[in-house]
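What follows is a set of structures to go through.
Both complexes shown next keep subunit A, but they swap its partner, so subunit B is in the first and subunit C is in the second.
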Partner chain A sequence: MTDGRRRIQAWIALTAWLFVAFSAARPLSAEAYREEAVKAAFLHRFTGYVDWPAEALGGDAFRITVLGAPELAAELGRVLEGRKVKGLPVAIATSLPRSGPHPHLLYVGRGYAGDLGRLLAQHRSHPMLVVTDQPQGLEKGGAINFLLVDQRLRFEVSLEPVQAAGLTMSSQLLAVAVRVLDARSGTGAR
Partner chain B sequence: MRIRPRDLRWVALAGFAGISTTVAASQATDLTALSLEELSNLQVTSVSKSAELLWLAPASIYVITHDDLVRAGVTSLPEALRLAPNLQVTQYTASNFVAGARGFAGAPDAQNFSNKLLILIDGRSVYSPLYSGVYLDAQDVLLDDVERIEVISGAGATLWGANAMHGVINVITRPAYLSDGVIAHAVVGDQRREVAARYGRRVGDSLSWRAYAKTFERDANVRLEDAPGEDDWHKVQGGFRLDWGRGDGNFTLQGDAYRGREDEPGIDGPRIEGANVLGRWQQQGRWADWQVQAYYDRTRRAQPVGGVAFHLDTGDVEAQARFTAGAHRIVAGAGLRVHDFDITNGVGLSFIPPDRTLVQANVFVQDTWTLTTRADLTLGIKAERDGYGGWHALPDARFAYRLGAATMAWVAASRAVRSPTPFDRDVVERVDGAVFLAGNPDFRAEQVDAVELGIRTQVREQLSMSMSLFANHYDDLRTVELTPVTLLPLLWDNLMRGETYGAEAWAKWQVTPAWRLSPGVRLLQKHLRFDAAAVQLLDENQSGNDPRWQAMLQSSLQLTRALNLELQLRHVDTLPSPRLPSYQELDANLLWRASPSLDVALTGTNLLDRLHREYPPPNGNRIRRGVMAQLRWHPQP
Partner chain C sequence: MKRRLGFVDPRRSVRGKLAATVLLTAVVVLVTSGVATLLHDLSVYRRSWAADIRTEANLLALTVAPALAFDDRATARRNLEALRSRPAVLAAGLYAADGTLYASYQREGVTTRLPDIVPALDGLNIAGSRVELGERVEFNNEYLGRLYVQARYNVKGRVSAYLGIFSVIALISLLAALLFSALLQRWLTVPIEAIGAVARRIIQEKDYSLRVHPSGRDEVGVVVQALNRMLGEIEQRTRALELTNESLRQEMRDRQQAEERRRETENVYRAIGESIDYGVWVTDANGRCTYVSNSFLRLTGVTQEQVTDLGWTRVLHPDDRDATIASWVDSVRAGDHWYREHRVLGVDGQYHPVLSQGVPMRRDDGTPIGWAGINLDIGRLKETEEALREADRRKDEFLATLAHELRNPLAPIRHATLILESPAASAEQRHWGRAVIARQVQHMALLLDDLLDVSRITRGRLELKREVVSIDALINAAIETARPLIEQRQHHLTVQLPSEPLLLDVDPLRVSQALSNLLTNAAKYTDPGGQIRIDVRHEGRDLTIAVHDTGIGLTESALSRVFEMFSQMESALERSQGGLGIGLALVRGLITLHGGTITAQSAGLGKGSTFTIHLPESCLVRQADRI
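Then we have the complex of A and B:
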């Protein structure tokens, strides 16, 4: 066998190993996750700890609207593809419908440009869970607001909009929140 | 290298072992299976919060993340900037790096510098008002504490002011509460030695601080053939940052101090030293978010023995407010900057007068109007007074249209200027006692009218792309002219104009979960012409000796869970005048995360050639191939 052929064999072997190794290895930053991926998992989890009135779930889809966060909308589409929420297939939109049924879950991200307080005031009594990622998201009417604490994604809860929307929220969810705004006093309970 | 057939069995075994760990890994990373508590405890990459906002920005933005810096193994700010495909970074000597965007990145033979790009470090402008441009040798940060570097190419004068003609680089360090504990970093290579240490801690709920110190020395390169380049240098730097937060407001206080010595062929090079301190208050109010910032920066650069010495003190205060009114997002602000300089004139280079106080002031307003859920229109204008009393209007208009959730297109039109400096107006250069070149008191600002068309899209989860096309019209570009009749001294004037056209494009392609390829390319066509009065002593390239194109390919490959191989190949086309042939170079970094608290890296720079040049002599030395080992220890606090 000539040296040239050996060298070719060695290269083939090396290439094969590299190919197998890199197609198999997991990303280096295994301990750090993309914020969108974690948020999408949170939103999916939240739906398990919140109950909507039965009549609100009568349609043909569980509707989620994502405002001001196109990357999260895309991520949710991927995560929830083929899954059911509250027994319904999921439909994701990136704008609020001008007419017709309201979304069950409204997410308003940092990229939302409008007046959040006014938007939420208009939709206050609809059976809609409002999750925000905004400074003072709860003060502006959100039920759950994401916070980035110590490079970890945490959330805070305001009970008043939950009740106004006719939703019920499990205490297990409240137990994990970093802050819970009470319905009556409006003060931090934790 | 010899591999016998029986070795191939080990290759196959290694492969299978890899596959079995993948299956386990992919189950573990299905986040939807995690509980709320588990999700709350995951560390998230916080860049995406800003990335989300940047994704919506109608401009050509490339973000170098903290992770990118670690994986590439870069140890200095100019080398970090090489990771951005929309920048042109040229190394002249060991200490002299120049960054440019969209051309005009300097022609030192014609005493023209890369003066159309702004660099800000945590909101502090490091652009020198004396000669226009950035002394990158004086600017450094502890890269271990950098959160991200945003590179915005294209005119950005409305928000960032004069001299942001071709772009802005924002170096953003982490808040102190994200840098808890110790980092010790050592670099040992054939041409550089470097140590850095940082300590940070929290005090109670609301206060955190960190402090760092670093020092390095770099060996000389090679000049002509094998003559020593004598461009060795060393530097010491230290600094701190303190963050204090209370409810809706937070306060940052930070500062740095540095001192360095550089050498140049045949002469002792400059001694540099400086210090800065910056305070910033950010407040989220009921109606508006406020920010007030002030900084003081002192810098000194002295050529020993009869050389020129610059002393510059800068004070800056600025305030801005952001608020939303209906469909309008408005940001408005004002700033005042005072440069007080004192130059010890040298034999060859002097300034008349040698000391001045330059006062710059600006007010601006920008409105982003949400027309529909898909379309935004941004209109803004800044009025800025330059240090010599001239006022400039710097308007900008941008229209952004989102085609679906993952694609955005924009068009923009802007005007920006490069304001006159003492080097344009007051300089006197002598050769053998006779005045050879003189500043021109009538020198005006260089001006650009820029239009841009861009698109950014996430094609699939694994593939994202960004592309922008630009056309710039320039007026009043600086030229060197003759004095009528006597010919000498040479004079600066504004007798060139013209157009440039270009494109920038880059992509990130996650080929497999463990392998990412990131290609990038820049194209530039310049059509410059002289006014009738110009004597054309030097050709059009006096405004910038730029390559017509440049390309790069980054490969980030995960060899095993703890081992990452980063390769960066770049091609830079021929420089026209003075001519330098095109070149290719390769940087590589093998990073081994030996334990959660220890990283070991083997880094190679400019691997393809023992010596290569990025700029023709006499200004550019032959840069040597470099190899170094890095150790980074960061025990979990």
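Then we have the complex of A and C:
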């Protein structure tokens, strides 16, 4: 290989990097928006792979609470517009109710500043699927935690909180999870 | 023929046919069942295979759904990789909801390129050996994307595998069929071949006493029994037929012999018929002619068909026809025998007198069968009758002439007698009277001599007094006798004699008498002043004496009768030349006595005539004999 060729390749690589870096660097751009949309879609799809106990679905709505991610809440509202989840109309809230029924799905975004571990500990054993977008989300008690792998949105699963909440999760979902924490061993399945 | 009977073509033998039938049946069954099974199997295979692929795709769609749902390309690829365990699947593509190719799988060595955007295919599509399948990928009623699978529909492998199995089965089946046909042969063809062998022997040897050895109680056994019974029947009938045949042959021989005899008899009758002048004739009971001999047909120049029925009456003389028919009809009606003379028109244009006579033929019971008769030629009979009548007439004429000739001299004699008796007669008158009487008596004497001579010759009572005399003396004596008449009628007589002297051994009196008769005749029948010539020729052994005249001549018919008795020409009476018409008959008689002949020639009436005497060698005296 000659020096000239190596130089040309270096130029091409640089140009490509600049292009990628430039397009990714835009704040609140379409890129950010798209991530919220993908998350919203994932949330919706998670509900298809998880079964709630029949008594938990006795209410008049499938309740979703989104914490620390107002854009996602808005996006989720758009995604689930006119749709039903588990045969129920969807109700989205941005705060946990002081009283009354627990949400079926709790999403804790990066914007949540509170103590996630404490919050989740309070709601433990409720038939509630907790999806977090936090570092160490699983360790803090989340069942599913979003993470970015190679610029792509992926997720990891912990089975212990799922079992504790009385939910059943499809193995198919586990197949696409980046990491699965087993209930007993607590080690990653993959 | 024999070779064909002795040698059985395998294609025609029962054994061959049986083997062929079994084999053919086996082949037909094998092929039919094989093809049907193959078709059925292919259809089942295709259906099950399609269902299989479909299930696989369904499962895959379910499996891959989460990968798609959560945008996990690696998992999606991993999921598709599971297809590696399916060799029929060539390629598979997973398309995202936006239609772009999300993940793909391609079998090693397969060059098929998956489309970049999702193919619009929902369900199964079989194109030849390729199968495409489009499957929606969805979850929770959400459309996630589409799975596209391409597979090889391996019908060839299936068929070839099937054909392999089929070949083995066919081989085994055909071997079994051959085995069966061999077994069947023993059960079936052995008795049948036995039948065939017996049949061939029967055909070759014509021996119907042969029997087929009875085999089992099956159909062949029944056939054998039937055949044996049939053979028994045939044997009996053949024997009966042979007997009948022999009797028929005998009968035929008898008939042939009878026919030959009949033909011989017929030929005999025919020959008899032909030997009878104009043959025989046969009619049916109604008098219709059915047969006439060929001799009659030859005479009349008509055919057998033309004389049939009453056709024969057409050749009758018109004057005879009606009377003949009437007499024939009468005879037929009366059943009486028939006798009829009539004239028949010959093919020569002449009418021939025929005597037809016949008798009825009857059966033993008297019923008439027909008539048979003969046709006799009565021409000669008629001629004889005519000749007799003519002779009778001539005799009457002769008697009249004789009476006249004898009476003629009587008038001058009576006249002379009266003169001689008359006293007033002078001596001269008396001399005339005596001369008249003498002349007339001499004439009468000559007449009577001639008559006596003819009578003697006719009765064979005349004897010749032969002596050697010269021809000159004979001629002179004859001329001397005839001279008075020749001179009286002023004829000119010339005599031509051969140069050398000629001596004859004859009765001089009779020969000169014959010659003088000829001369007298010539003088008598030649108008006065005619030429009479005597021509004597001696050439070789022939001696001819011819008397020529320039007289009235002779007609053709007269020439033939001139030497007969009483054949004087009718006109002679009127000529009052006298004569009894016996002169030439006398001449011929005299010459015939010498062994000679006489002929008459004439160029016709008024052209003179020539009478020539031929004397035989025996009448000649040679000079040597004389010395």
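Please note the rule applied: the second predicted complex is superposed on the first by the 157 of 190 C-alpha atoms of A that agree within 3 Å, B and C clash if a C-alpha of one lies under 4 Å from a C-alpha of the other, contacts with A are read in each partner's own complex, and residues count from 1 in each chain.
By our rule, a residue touches a chain if its C-beta (ideal position, glycine included) is under 8 Å from a C-beta of that chain, and two chains touch if they have at least 3 such contacts.
Please read these numbers as outputs of a predicted model, since none were measured by experiment.
Trainee: Give one of first, second, both or neither to describe whether A:Arg154 is in contact with subunit B, with subunit C, with both, or with none.
Mentor: After superposition on chain A, A:Arg154 lies in contact with both partners, subunit B and subunit C.
Trainee: Going by the contact rule set out at the top, does A:Ala10 touch subunit B (first), subunit C (second), both, or neither?
Mentor: Only subunit B is touched by A:Ala10; subunit C is not.
Trainee: After lining up the shared chain so the two structures overlap, which partner does A:Glu71 touch, if you call subunit B first and subunit C second: first, second, both or neither?
Mentor: first
Trainee: Based on the superposed arrangement, let me know which partner A:Phe42 touches: subunit B (first), subunit C (second), both, or neither?
Mentor: both
Trainee: Report the partner of subunit A that touches more of its residues: subunit B or subunit C.
Mentor: With both complexes superposed on chain A, more residues of subunit A are touched by B.
Trainee: After lining up the shared chain so the two structures overlap, which partner does A:Val176 touch, if you call subunit B first and subunit C second: first, second, both or neither?
Mentor: So A:Val176 meets both subunit B and subunit C here.
Trainee: So in the superposed three-chain picture, is A:Gly114 touching just subunit B, just subunit C, both, or none of them (first/second/both/neither)?
Mentor: Touch status of A:Gly114: first partner only.
Trainee: Same subunit A residues contacting subunit B and subunit C, which ones?
Mentor: Correct list for subunit A: 38, 42, 45, 49, 152-155, 172-173, 176.
Trainee: Considering only the defined contacts, which subunit A positions touch subunit B in the complex?
Mentor: It comes out as residues 6-7, 9-10, 13-14, 16-18, 20-38, 40-42, 44-45, 49, 67, 69-74, 77-79, 83, 94-95, 109-111, 113-115, 135-136, 148, 150-155, 172-173, 176.
Trainee: Going by the contact rule set out above, which residues of subunit C touch subunit A in the complex?
Mentor: Subunit C reaches subunit A through residues 62-63, 65-67, 69-72, 75, 139-140, 142.
Trainee: Spell out the residues on subunit B that touch subunit A in their complex, using ranges where they run on.
Mentor: Interface residues on the subunit B side: 1-3, 5, 7-8, 11, 14-15, 18-19, 21-22, 25-26, 29, 31-32, 34-37, 39-46, 48-49, 51-53, 55-56, 67, 71, 177-178, 248, 284, 289, 324-327, 329, 368, 370, 373, 376, 402, 405-406, 458, 461, 512-515, 557-562, 564, 591, 593.
Trainee: Going by the contact rule set out above, which residues of subunit A touch subunit C in the complex?
Mentor: So the residues of subunit A touching subunit C come out as 38, 42, 45, 47-49, 152-155, 170, 172-173, 175-176.
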